[in-house]
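In the two assemblies presented below, subunit A is common to both, partnered first by subunit B and then by subunit C.
Moving on to the complex of A and B:
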């Protein structure tokens, strides 16, 4: 079964059009041309759909890296982990 | 609210929304005059064009008004534009100078000078023929008067700006109009999700009377459950730049708890708002109310629906350096908007869509031709069709159907970085064997959309 981290990476690659082998190193919100505020909204919507979770307004602004998102998804539990 | 000679006579305070730092109106007036004197030393003359590449900040407004003190013309630019697009706009406008935070860049010793030009707003600079909308001092003064006459704002003290200030909606209507008439103006970074997530807190903190929005702000605020204000300071909220549907309008009205959300219509060519619903009016899809200093006609109507033409004293002078494009939309004082609509028996306007294929992503307008032209320069692209695809939050998303020439799609996607502003880069891609065309070789974007979405 695919791990949560792998599913997360797959979504990030898809949302930001990074290709299946595109590097995700150092990907930080607002520091990458495709991870701007509109990209962030699209990422949150895609994560909510994939992991069947709901992010609050505070969650949305607390995540800036893939590690932050993974940590939040673990906390949310359920289908997210 | 101010004429050409005295825009700075009645300035309100400017407040940094993130830090709370306040710049009082009197001090701002002095700073603007000092800045105008510096620009005079730099040789800026009446009619010179100067570009301003700031984000939402007091410095943008200070430099803009300093230029107006010199009777020079300001060109506010999106600071997020790729360098190639900025360069194209500066060339096209024959700008003498580019001002950005802490930097003055002289571009040419002299330039074409046109008296009376106050503002040039670029809605597209991607292609070889950028689209710069020219507004005059007289037109803007007329706009400010029309808004004052049509919007009950006498009791407002403080206004928030959440929108980008390099666009007409954010700059002219949300910022300049109230601020030049002594209202406090709280500036937030544009399209900042942190601000949207704490919008209710911001309203309470600054005891805001008013702010303007686009529909996608409301979709996001409501989707994330951002808390509503606890205090009852809000008197009115506007929503413009994209269609506001009835359910969203109802929900936004519930969030503002008594402050009416007014659906507003405007275009960059009309210097922003030209119509709006009455406060408290029942939400209805497409309803944008009666004209604000603007007359409307619906021409070539079928069953009452046709193209909306508008006549207002605040109309643009034209598209800079594009007389044919200007002549195509300005006829005997009337402006053909490209919007479809009908007028009811009370002369109120109801919009029904667009005649062209402009993509409206979260209130930002994207011309598919511009994106296609850039993509066609990519060696890996044999053919392309760019179109708007429905999106639950943005209204529309930029999508591209591409015929690849051997290259991997991901390389084509990477190729866009730095050549297109982020919001113009297609986020949905559909590799096709060929782009369907009609017998005359024309592409129907609607047909391509249907094909791609199956």
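Moving on to the complex of A and C:
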């Protein structure tokens, strides 16, 4: 079974069109041309669908990195596929 | 009291003098008193409204922090009260007109009462600043401010009170809390910014406004090309107006030792419509991103996907600019363009289009054309103008007629605007690396004197133009 981190990376690659081997190191909101405000919401909505969780507007503004998202997903217990 | 008036010059000089020479303990009370005097100079009653809005968000912020479990209810009550203020003062007339129009069609024999309400200057700016504070406290991005006097200064700080930048509490409150000693460099750079802003407003915006009025005052007398050029000039005029105001605001702030937020980042250099909105009126677009777009994404509308969220956000952004169908359509058109841009991104990246061409297309088509909605008085006139602009083949020679642009004084305004805009764009591009004045300051003496002489001539020409034109109007964004 795929880990939560792997699923998260798969979604990020798909939303930002990075390709299966694209590096995700140091990916930070607004530092990557694809991760702008529209990409951010696209990512949030895709994550909600994949992990069946609901992000509040506070969550939306607080996450900046993949680590932030992973820790938020762990907090919300979003593991379902 | 307009920024481009003699009264404001004396007002600012007096406040600055007392601020930097008086005792430290009086600095904040002085700024607060000056801010209320500045705002009440338009209409003393406005001061009450400003105070009421301030007190409301202050109380909601304190309430949310002390009773966290009821924070959500308090926040919604605060948002509702703020929006009610905006509705009554800004949107009621628009609402009642449309309701009455609809009821008239249904022949129900009832009318929504018509009430003449004078729109308080800058209401959209300080109400938005107050709203952002409440949401930030709710999201725990800032703590609730305990000092009411300091909070009043945050909402009313006169350089940015009536037309922005819309400041976040996290940027402005800590600066207001700090004691600022006199900083010669801050004062010098502030005065340069004020001069730049006055140049944008009093020379360029005023010049262009005459040409734009000549194009759209009676659009039926103009050809398609003339109306199209009028729309492009109108976009530049609006830019010089609000960016000029912002420069003066930032300059005044800096003279007091306070750094206000950047609001424009050479918007017409944008290579696509999405980038344009990241460079244009940044504190407003950032506000809509953080408080509308992100909030919508966490609400029930999210199920319809990002395009709907973008579209609704831009519709509201349009409505913020003015209570009219023209602004609603203008917002929707912009939202539609951002949605199309975003959804075709992967496809477009396969083609290598030179950056200069993308920049030109963004300004000449995507930014310039929808400005027709902003500069015309109603939807009927907008459609009429578009019909003319796109009627290049049906109007034969008439479409090309732009002779009026070169008649009499218009030729002076057109030529001087073109030269000044070219110079300003080059200076702003150079400023990105290092302020031009600093670069010149390091040049050898001969070259430096020549540069200062050229700048002096530009200043004389600019002042000469102001006297030649003899017009001085209020800033466009005051009405928002």
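Details
As a convention for this text, the second predicted complex is superposed on the first by the 78 of 81 C-alpha atoms of A that agree within 3 Å, B and C clash if a C-alpha of one lies under 4 Å from a C-alpha of the other, contacts with A are read in each partner's own complex, and residues count from 1 in each chain.
Rule of thumb we're sticking to: contacts are C-beta pairs under 8 Å (C-beta built on N, C-alpha and C of every residue); 3 or more make two chains touch, one makes a residue touch a chain.
All figures in this text were calculated on a predicted structure; none of them were measured in a lab.
In the superposition on chain A, A:5 contacts neither subunit B nor subunit C.
Contact with subunit B, but none with subunit C, is seen for A:22 once the two complexes are overlaid on the shared chain. Once the two complexes are laid over each other on the shared chain, residue contacts for A:37 go to subunit B and to subunit C alike.
By the touch criterion defined above, A:68 lies against neither subunit B nor subunit C after alignment on the C-alpha atoms of chain A. By the touch criterion defined above, A:50 lies against neither subunit B nor subunit C after alignment on the C-alpha atoms of chain A. Subunit A uses residues 17, 36-38, 41-42, 45, 55-58, 60-61 to touch subunit B in one structure and subunit C in the other. Taken together, the subunit A residues at the contact with subunit B in this complex read 15, 17-20, 22, 33-34, 36-42, 45, 55-58, 60-61.
Those residues of subunit B that touch subunit A in the shared complex are 80, 191-194, 196-198, 220-221, 224-227, 361-362, 392-394, 408-411, 413-414, 417-418, 422-423, 425, 427, 429.
Of all residues in subunit C, those touching subunit A in their complex are 138-141, 274, 278, 289-290, 293-295, 297-299, 302, 305-306, 309-310, 338, 342, 345-346. Partner subunit C is touched in their complex by these residues of subunit A: 17, 36-38, 41-42, 44-45, 48, 54-62.
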